[in-house]
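Below are two complexes that have chain A in common, paired first with chain B and then with chain C.
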Partner chain A sequence: MLAATYGIFALGLQLNIGTTGITNFGQAGFMAIGAYAMAILVVREGWSWWWAMPVAIVCAMAAAVLVGLPSLRLRADYFAITTLAFAEIVRYAANNWRSLTNGNQGLLGYNADWFKLSFRFGNWLNDHGIHVTSFLFPLMLVSWALLLVLWLLVAALVRTPWGRVLRAIREDEDAARALGKNTLAYKLQSLALSAALAAIAGFVLAMNLTLLVPDQFDPVFTIFGVVIVILGGLGSYVGVLVASFLLMTLLEGTRYIGLPLASDKIAALRFIIVGLVLILLMAFRPQGLFGKRKEMLLGE
Partner chain B sequence: MSDPPILEVEDVAKRFGGVRAVDGASFSVARGSITALIGPNGAGKSSLFNVVTGFERPDGGAVRYDGRSIYRLPPYAIARRGMVRTFQLTKTLSVMTVLDNMLLAAPRHPGERLGGSLVFAAAARRREREAREHALSLLATFALAEMANEYAGTLSGGQRKLLELARALMLEPRLVLLDEPLAGVNPTLGRRLLEHIEQLRADDGTTFLFVEHDMEVVMNHSDRVIVMAAGRVIADGEPQAVRRDEAVIEAYLGAHA
Partner chain C sequence: MTAPEAVLPGGRFAVVRASPLAVVGGAMVAAALVLGAAKGWQSLAQATINGLVSGSYFALGAAGLTLVYGVLKLVNFAHGEFLTFGAYMALLGHSTLSLPLPVAIVFGVALTAVLGVGLELAMWRPMRRRGAGVLQLLLMALGLAFVLRNSIQIVAGTDVRQLGANVTASVTFGGLHIGRTELWVLGVALVVLLALALLLRETRLGKQIRALSDNPELAETTGIDTEKIVLVTWILAGALAGLAGIVYGASVGVVTPNLGFEIVLSLFAAVIVGGIGNAYGALAGGILIGLVQEWATLVAPASIKVAVGFGAMILVLILRPQGLLGRVRSADR
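Right, the complex of A and B next:
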């Protein structure tokens, strides 16, 4: 389930970093805006969950345009810092704006509609001979289905002439401008689409957690997303699927290492192991699992 | 000629900090001409190119293309009007195929809008097919057809210059600005490139303005020469007249004389 959440989340990062060449490090911020907008509309405004979600997606996209409009003209490294700062601003705001977000006490009760649906779905599965053991099973099915549908959509989009312009921008923005492309508009579209994906990942995360607290949207979430993108290979969408599954298996699987060590040491060891695996992979396969080595070499 | 000029540049200025890279340059380019822009290093030729095509914001003056002001328009808007440039250091997209480089340049492509290939599926497919035909015929003219499906990064320096010109032509331009099109190109390919330029002028009436250092090429292949020095235009006329111009000789030799 976490793998599917990360998969949807990293899909947007792949579109930005891998395809368009814009280093969006604020993905966790867009996810927070999506999840919180949904929860606030349901809990504080009494909206139906079904209406709150699309509106929350629009909120995240609008935030992307607002952040992107002034900062996408900056060089890649400045843009990375700006988006990272933006995500932190969102997290701090969520921590302190208690009347809206309930701060670090967390926001509860936005998922009643989902539970009803999930319960009915679980019963339906039971009636059809699929024995559901966990109440989270329906969410897992839905999140994987979502990932698959969104993956198909994004992978198809980047193969259109629209995606061709994005790839041109990644390689040389001036060349694209000289050929009559409004590159700022394309970069904004890429960022807004990615923010929408982050918002959807935020919904899945929120349904999984049942309690929304700001610290779930730590920048580390974005960093794991970037790791997935690089692990899978820049520009490769199959890579996103495989790498998000692989990284989460590694992270969660290492929880169960049977060593005679204190639990805090095991926790530290987990990250050391994951880090080592990643370093080895980058040393022997710098283009990522599914990246094209030739493209990496030609692109200097 | 009775036709108004295709490009008119009036008193254009561009400063970088305290340096006046372009310092009140004025000239015009006649429709259907092949005009050379020359001048010693640092004269402001490339800066002028950047200002005219919108890549740098000018600090003053006027630029008119086809009778309409394009002053301070963004580069993409200028390119769409039919004034297309190439770069001194070629900007072929290495990790895209030669054909994709060409298709990228196709103007008025509905599939280039977000979701355009889904919403306007039929129109996008038709445009893509047209663009592909046009691209392949241009690549054939430039002897790049066999390379169509190779990464552009595998081309030689000279072939990249050819590809950049071919790609610019995908936009169906009426004025092409070439920044040192022959730099680093072997003589055989260079000759072919010049033939293409003259052929295009003859066939479609395309106008060319190019920066070049090779005086033999300038004298033999252009019908007008504009000379810049220290950010200003110091001479403007037929090649033979410019060659004898005192100010030009002064500018080129001045530092040593």
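Right, the complex of A and C next:
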């Protein structure tokens, strides 16, 4: 389930970093905006969950355009820091704007509609002879289905002429501009689409958590997403699927190995593993599992 | 060095370009006047003192970060962990090896410099030889940050530690409180930063460092031993980061494995505001971010002050991407 959430999340990052060559490190911020917009509309405004979700996606996309308009003309490393700072601003705002987000107490009760649906789905499965032990099983099915559908969509999208322009921007933005392409508009579209994917990942995460707290959306989430993109290979969408599954198996797997360590040390150990994976990949196989070596030349 | 005016086309930000420092200085004075009038001069003065204290450790940390960027074009996301490392090493020296506090501080600073050199030899130099790209190095630094932070956490535990400094004793004059530690912090930072500025400005070594960050190829052709200068840069950056970590831990009063991670984005903000790669810019940027964050506490909840600092950074990036003291060239590549 976590793998599916990260998968959807990293699809957007792949579109930005891998295909378009814009170093979006603020993905967790867009995810937070999506999840919180949905939860706030349901809890504070009493909207139906079904209406809240598309509106929340639009909110995340609008935020992406607002962030992107001034900052996309910056160089890659500046853009990375700016978007990271943006995500932190979102998190600080969510922590402090208590009347809206309930701060670090968390926001509850946005998922009644989903529970009804999930319950009915579970019953339906039971009626058809599939006995499910976990009440999270429907969510897992839905999130994997979502990941697959979105993956197909994005992978198809980058094969269109639109996707070709994005790759052209990554390879040589001046050349793309010389061909008369409005590169800023394309980059904004890429960023907004990625934010929409982040918002969807945020919904899945919110349904999984049942309590929305700002610290779920810290920059570490984005960095894990980036690790997935790199592990899978820049520009490779199959890579995103495989890598998010691999990384989460690796991370969750360390929970079940009977290490003679306190739980906080095991948590730290998992982060060390992620860090080492990133360092070793960059040192020895910068193209990741499925990438092409030349795609990593980006940023030089 | 050509004046920026000659490079930028169009005259939209002509005033800003003429003297960005004066404009920002003017804006700061105006903000101070408004805040002072609205919230009382007493609290403004207190916030200014707090801002100068945090500005001094921001400046120390940012100076190392910007030197490394200038010389190596490396966005060192692991710089925050250098701060953590320095603070923990000083802690180790003080409480475990029971060294006197000043010796323990030197111990922490020296070990952080050693860490910087060690990582250069083990990681960065081989990677540069292979011609690694900017993004590749940035992501490696990110991975390194994870490894360092969590290794510290495993070895030292997540418990909050305290440096032996006395954080409650304070000096009062005219109704303003300054902690005794904070006075020390201000003094040490002032001396070290002045020394750094002199080093960069007056000595041969400093000129070589600046030459290398200006134009690596040209510096090499003039016979500068670039590998040596890179090592010196790491020593400086490591030592400054170690000191910044210790000073930060001392003035906040607590040391945790997340110390560096909490502050690293503010350091980036200081670096960017001042102009990335420019050491004097980092000093100005550090103090500016410190002041902005503390002044923000006068009008907004204190817990949001860091976000206000980031907001200032984004504003500077939008209006003047090369930073206050940076040159156009470095922002346009």
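The rule is short, and it goes like this: the second predicted complex is superposed on the first by the 281 of 300 C-alpha atoms of A that agree within 3 Å, B and C clash if a C-alpha of one lies under 4 Å from a C-alpha of the other, contacts with A are read in each partner's own complex, and residues count from 1 in each chain.
To be clear about the criterion, a contact is a pair of C-beta atoms (placed from the backbone, for glycine too) under 8 Å apart; a residue touches a chain by one contact, two chains touch by 3 or more.
Since this is a predicted model, take the numbers as computed values, not measurements.
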Partner chain in contact with A:T160 - chain B first, chain C second, else both or neither: first
Touching partner for A:E45 - first (chain B), second (chain C), both, neither: neither
First (chain B), second (chain C), both or neither touched by A:S71: second
Partner chain(s) touched by A:I230 [first = chain B, second = chain C, both, neither]: second
First, second, both or neither for A:R177, with chain B first and chain C second: first
Touching partner for A:L193 - first (chain B), second (chain C), both, neither: first
Touching partner for A:A168 - first (chain B), second (chain C), both, neither: first
Touched partner set for A:D215, first chain B, second chain C, both or neither: neither
Chain A residues contacted in one complex by chain B, in the other by chain C: 298-300
Touching residues on chain C, where the partner in the complex is chain A: 75, 123, 126-127, 132-140, 142-147, 149-151, 153-154, 157-158, 265, 268-269, 272, 276, 301, 303-304, 306-307, 310-311, 313-314, 317-318, 321, 331, 333
Touch list for chain A against partner chain C, complex: 23, 70-71, 73-78, 80-82, 84-86, 88-89, 92-93, 95-96, 223, 226-227, 230, 264-265, 268-269, 271-272, 274-279, 282-283, 286, 296-300
Of all residues in chain B, those that touch chain A in their complex: 53, 55, 74-76, 79-80, 84-87, 91-96, 100, 103-105, 107, 109, 111-118, 124, 128, 151, 153-154, 167-168, 170-171
Residue numbers on chain A that touch chain B, as the complex places them: 157, 160-162, 164-165, 167-168, 171-172, 174-183, 189, 193, 294-295, 298-300
